[in-house]
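You will see two complexes here that share subunit A, one where it goes with subunit B and one where it goes with subunit C.
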Partner chain A sequence: MSAPPLDRPTVADEQALQDLFDATIAADHRIEPRDWMPEGYRKTLVRQIAQHAHSEIIGMQPEGDWLLAAPSLRRKAILLAKVQDEAGHGMYLYSAAETLGADRADLTDKLIEGRQKYSSIFNYPTLTYADVGVIGWLVDGAAICNQVPLCRSSYGPYARAMIRICKEESFHQRQGYELLLTMMRGTPEQRAMVQDAVDRWWWPSLMMFGPPDDDSPNSAQSMAWGIKRHSNDELRQRYVDMSVPQAEVLGVTLPDPDLSYDAETGHYRFGAIDWDEFKRVISGNGPANAERIARRRAARDDNAWVTEAATAYATKHGRAAA
Partner chain B sequence: MTTTDVTAEGGHGAVPTGPEVPVEPKPALSRRDWPLYECFVRGKRGLNHVHVGSLHAPDDEMAVHAARDLFTRRNEGVSIWVVKAADITASSPDEKDPMFAPSGDKVYRHPTFYEIPENVPHM
Partner chain C sequence: MGHEETVYEALDHAHGGEGHWAFGTGFDDPLAGVDTTVPDGVDPADLGEYCLMLGDDALVLAQRLTQWITAAPELEEEVAIANVALDLLGQARLLLARAGSVGVLGRSREKATESIPDEDALAYFRDADEFRSTALVAAPNGDFAQTIVRLLVASTVRLAVFARLRESRDPVLAAIAAKGVNELTYHRDHAARWLLRLGDGTDESHRRAQAGADAIWRLLDDLFVPTDVERRLTEAGVAVDPAGTRDEVRSVLVQVLERATLRVPGWPAEAPPRGRLGQHGPELAELLGVLQGLARQHPAATW
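Presenting the complex of A and B:
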């Protein structure tokens, strides 16, 4: 038997390929790396996956700031594991981006040059140790709301990365909530510290879901492609509904005087979000933007000798990967 | 946001994903010479190695170490394989690939093709 041709058949015209792609999406099957895909689909995925990866990597910093100040060995071990997980999540996602033709070193360069962004939430500083708990509870909680539907994203490598990530995020959220429960059983000062952290992180957490649906122009296309499964506002509402009872058990007040239960809809209503603040922070004027990028740049530049040494070692021992 | 789209679907929150965000790789810089490895993990004895993802490493040994840190932080496996992605030979990706078509009409290869009377035991 002669070997079958391994490369894509050239006879199929673009329309046939598009039809096959559309049929795959319509059947809710997954698109895989070597499949033909529309250029817009590929670009949208690269942007989204790269910026998700950048968020995981930059997201190590706010919590990493407390590694040396964790109050016990137990808390330090937990925090170290969590920060290491964030690095892992970034790696899974850069891998997924590479299946689309991106290059991860190049993506890092684009991040450092400010041409690709990361989540605005990581531009806020962690002022007290309670912030570590609140990030786990609220920020990772919001991330879980976003990420669980992405496990069914139409692009196979992205969906598979999200499944791994979601399994680990559950640990992140629970360790944060348990940390806060412990502090709430402590002194009045500790309880005040938790409330202060909640006051500072609640609104930025709501902003994590992005602008309201009517100000999110490309969402419809992403939904049609099965990249995005729920609208920004849907996910935000789901998050609020989940968080309010958790805040009650914890014994903290969410900083929103308009927060109230609507028995008719079964949802919590909440106040207006300050989108001007969101735009300010995401466009580079948040409290910690410059610091985050400076540290990422230093990590790349100061550690370059390690990657060079590893390459030199592999070459010297004749086992450099070709 | 007038100049860009911002989506929360990047998981960790809303980020600009509009057309001004560059996506094409530009050749250059660090680590370009570290090849891509595909990684496979055996979850436990008795199971096959399963593909879990990919990473870059300077050589085979470092690839195994990196795969250990990246994919088995929680006892996910008892054995790891790594192989350079460039060394993998693959069929073409389409499910409509003619390579797989010949098996489509060979229904007699499946046990359900054969009718056996109901009073025949253990079959």
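Presenting the complex of A and C:
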């Protein structure tokens, strides 16, 4: 069922449509794919959803690097299921972007050509198996803080994708944390591995919430549109407050001498984030940017003949027969 | 681990059911609740050895398929390949645990500490000459076409065995086979659908699919000749004689290749078992080097 084509709206119609859109947002109802929406809203959403989808797919790589060497069969199964979930997350999100008129192959090209970004956290290498646990605990943990509010995003397909994704991310976090608990009960080498991984991932995980509010130019508009629900700094604070007690239970030290509890506000204060490093990594000069993109490019280019074959077969036999 | 619960009070515990989680990602003993008594008149050493044959095939193929993760043609295919690998990994874990439960651990316990479960002692602390997998699963992936042909052949062969193994007098093998049949049916179907598209797609995909078939067919030579262990266990009603599956396997493969517009390569002359007796090429040792490296660096660790 597709809606009959609308005639080009007149200026008066346009105002009526804008009013309807504004009323929908104001009432906290969902915008659906066939509803009228301002061009800026559509563009902002496509950019955000595509970046999010790219992050899921590129995010398969750092942990995927340990799939072949996972140190027990149970850990191998857990990690493989997790990396598989991330592929699934990417698929739901690309589908959500497609409801806005984007095209998955085109978005993938933009990623590979560096015209669209992904979360800078995935440009750090995974040096030991403890990194797998720390990514689950901290990176999936930060993703949850970022994404739970998006389950109420004003755009229906995005909100629905996020509900499904958040359930799985919380499972990933639990499994990552469980790996770390197990390692902390293991040998001294394993405990040292966990601490080392925490030392390397803590600060990058704080950067996952994006630049500070006073340096985040698009945030206000996104909040007004109901695409974003909380500011970057608010979410970062929530993440720190959640993580500090978890670190204590685990028995690791977070690498921040300024970290302290402020009884007055009920929040943890933390030290200054190195935003120069963030800018360096997000603009393509992190330790693993080139490698991440090269692998994504190889998956596209080396298998182009497979995609062509599938298309040719479908054309010959008709989709119904396939 | 009561403290884990308090840490996670703040998190959403409604995972929407854990049913979609791959088998064996949970926290339980894989053989919990299964009757593991060895049937009368069966030599436990034979039974364990047979479990290693089936388990090692699954483990090695799972590892090969996992090499495709982050390198597959489509995201849908990443998910599908991971599904197949997870199923095989689940089968491997049950079979290796079964081998361990009847005391077949080879030399693995010389290196693996007590705290390491049997399935991991067997997977991580046996050398290549103690593996009982066939050359079919150890062969490198090649391109996507060759990977698909190998998956088609391996899942067809395994499905033919598992379908018969459901009647095994060993309750554990019968249970593993009953579960595995559904999984393997899906694996075979997935591979067959791809082979149709590749064989009957473009000139290039046809050429690659044919080259893949030619390369993989040679590895059929020692799959249908039983070892002494398989002979004895077949006699005892526990195992399946691979010779009895050959015609069925051949007819399935011929059917798929013909529909895929591919030339069926000549069936290779039968050769005595190699991999089943621990004779392997360098590619298995290489694969195991990666699989086992980290676990062996930390033999006293728990994961």
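Some notes on this structure:
By our rule, the second predicted complex is superposed on the first by the 304 of 322 C-alpha atoms of A that agree within 3 Å, B and C clash if a C-alpha of one lies under 4 Å from a C-alpha of the other, contacts with A are read in each partner's own complex, and residues count from 1 in each chain.
Please note the rule applied: a residue touches a chain if its C-beta (ideal position, glycine included) is under 8 Å from a C-beta of that chain, and two chains touch if they have at least 3 such contacts.
Please read all numbers here as calculations on a predicted model, not as lab measurements.
Once chain A of one complex is fitted onto chain A of the other, the partner contacts of A:84 extend to both subunit B and subunit C. More residues of subunit A lie in contact with B than with the other chain of the pair subunit B and subunit C. In the superposition on chain A, A:307 contacts both subunit B and subunit C. By the touch criterion stated above, A:20 is placed in contact with subunit B alone, subunit C being left untouched.
In the superposition on chain A, contact of A:142 is made with subunit B only, not with subunit C. By the touch criterion defined above, A:242 reaches subunit C but does not reach subunit B. Applying the stated contact rule after C-alpha superposition, one finds that A:316 touches subunit C and leaves subunit B untouched. Legend: residue contacts after superposition of the two complexes on their common chain; A:252 is shown touching neither subunit B nor subunit C.
By the document's definition of touching, of the two partners only subunit B reaches A:55; subunit C does not.
In the superposed model, A:184 lies in contact with neither subunit B nor subunit C. Annotation: subunit A residues 81, 84, 88, 91, 164, 168, 307, 310-311, 313-314, 317, 322 touch subunit B in one complex and subunit C in the other. Against subunit B, in their complex, subunit A makes its touches with residues 4-9, 20, 32-35, 42-44, 46-52, 54-56, 59, 81, 84-85, 88, 91-92, 95, 98-99, 101-106, 109-110, 115-122, 139, 142-143, 146-147, 150, 160-162, 164-165, 168, 207-211, 215-219, 222, 227-228, 232, 235, 278-279, 282, 300, 304, 307, 310-311, 313-314, 317, 319-322.
Across the interface of their complex, subunit C is touched by residues 57, 60-61, 64, 67-78, 80-81, 83-84, 87-88, 90-91, 94, 129, 144, 148, 164, 166-168, 170-171, 173-175, 177-179, 181-183, 185-187, 189-190, 242, 245-246, 249, 295, 298-299, 302-303, 305-314, 316-317, 322 of subunit A.
Residues of subunit C that touch subunit A in their complex: 1, 3-4, 6-8, 10-12, 14-16, 18, 21-25, 27, 59, 63, 66-67, 69-76, 78-79, 82-83, 85-86, 89-90, 92-93, 96, 116-117, 119-120, 123-124, 144, 193, 196-198, 200-202, 204-205, 208, 290-291, 293-295, 298, 300-303. Looking at the complex, you find that subunit B touches subunit A at residues 1, 5-18, 21-23, 25-26, 28-37, 52-63, 69-70, 73-74, 84, 86, 89-94, 96-99.
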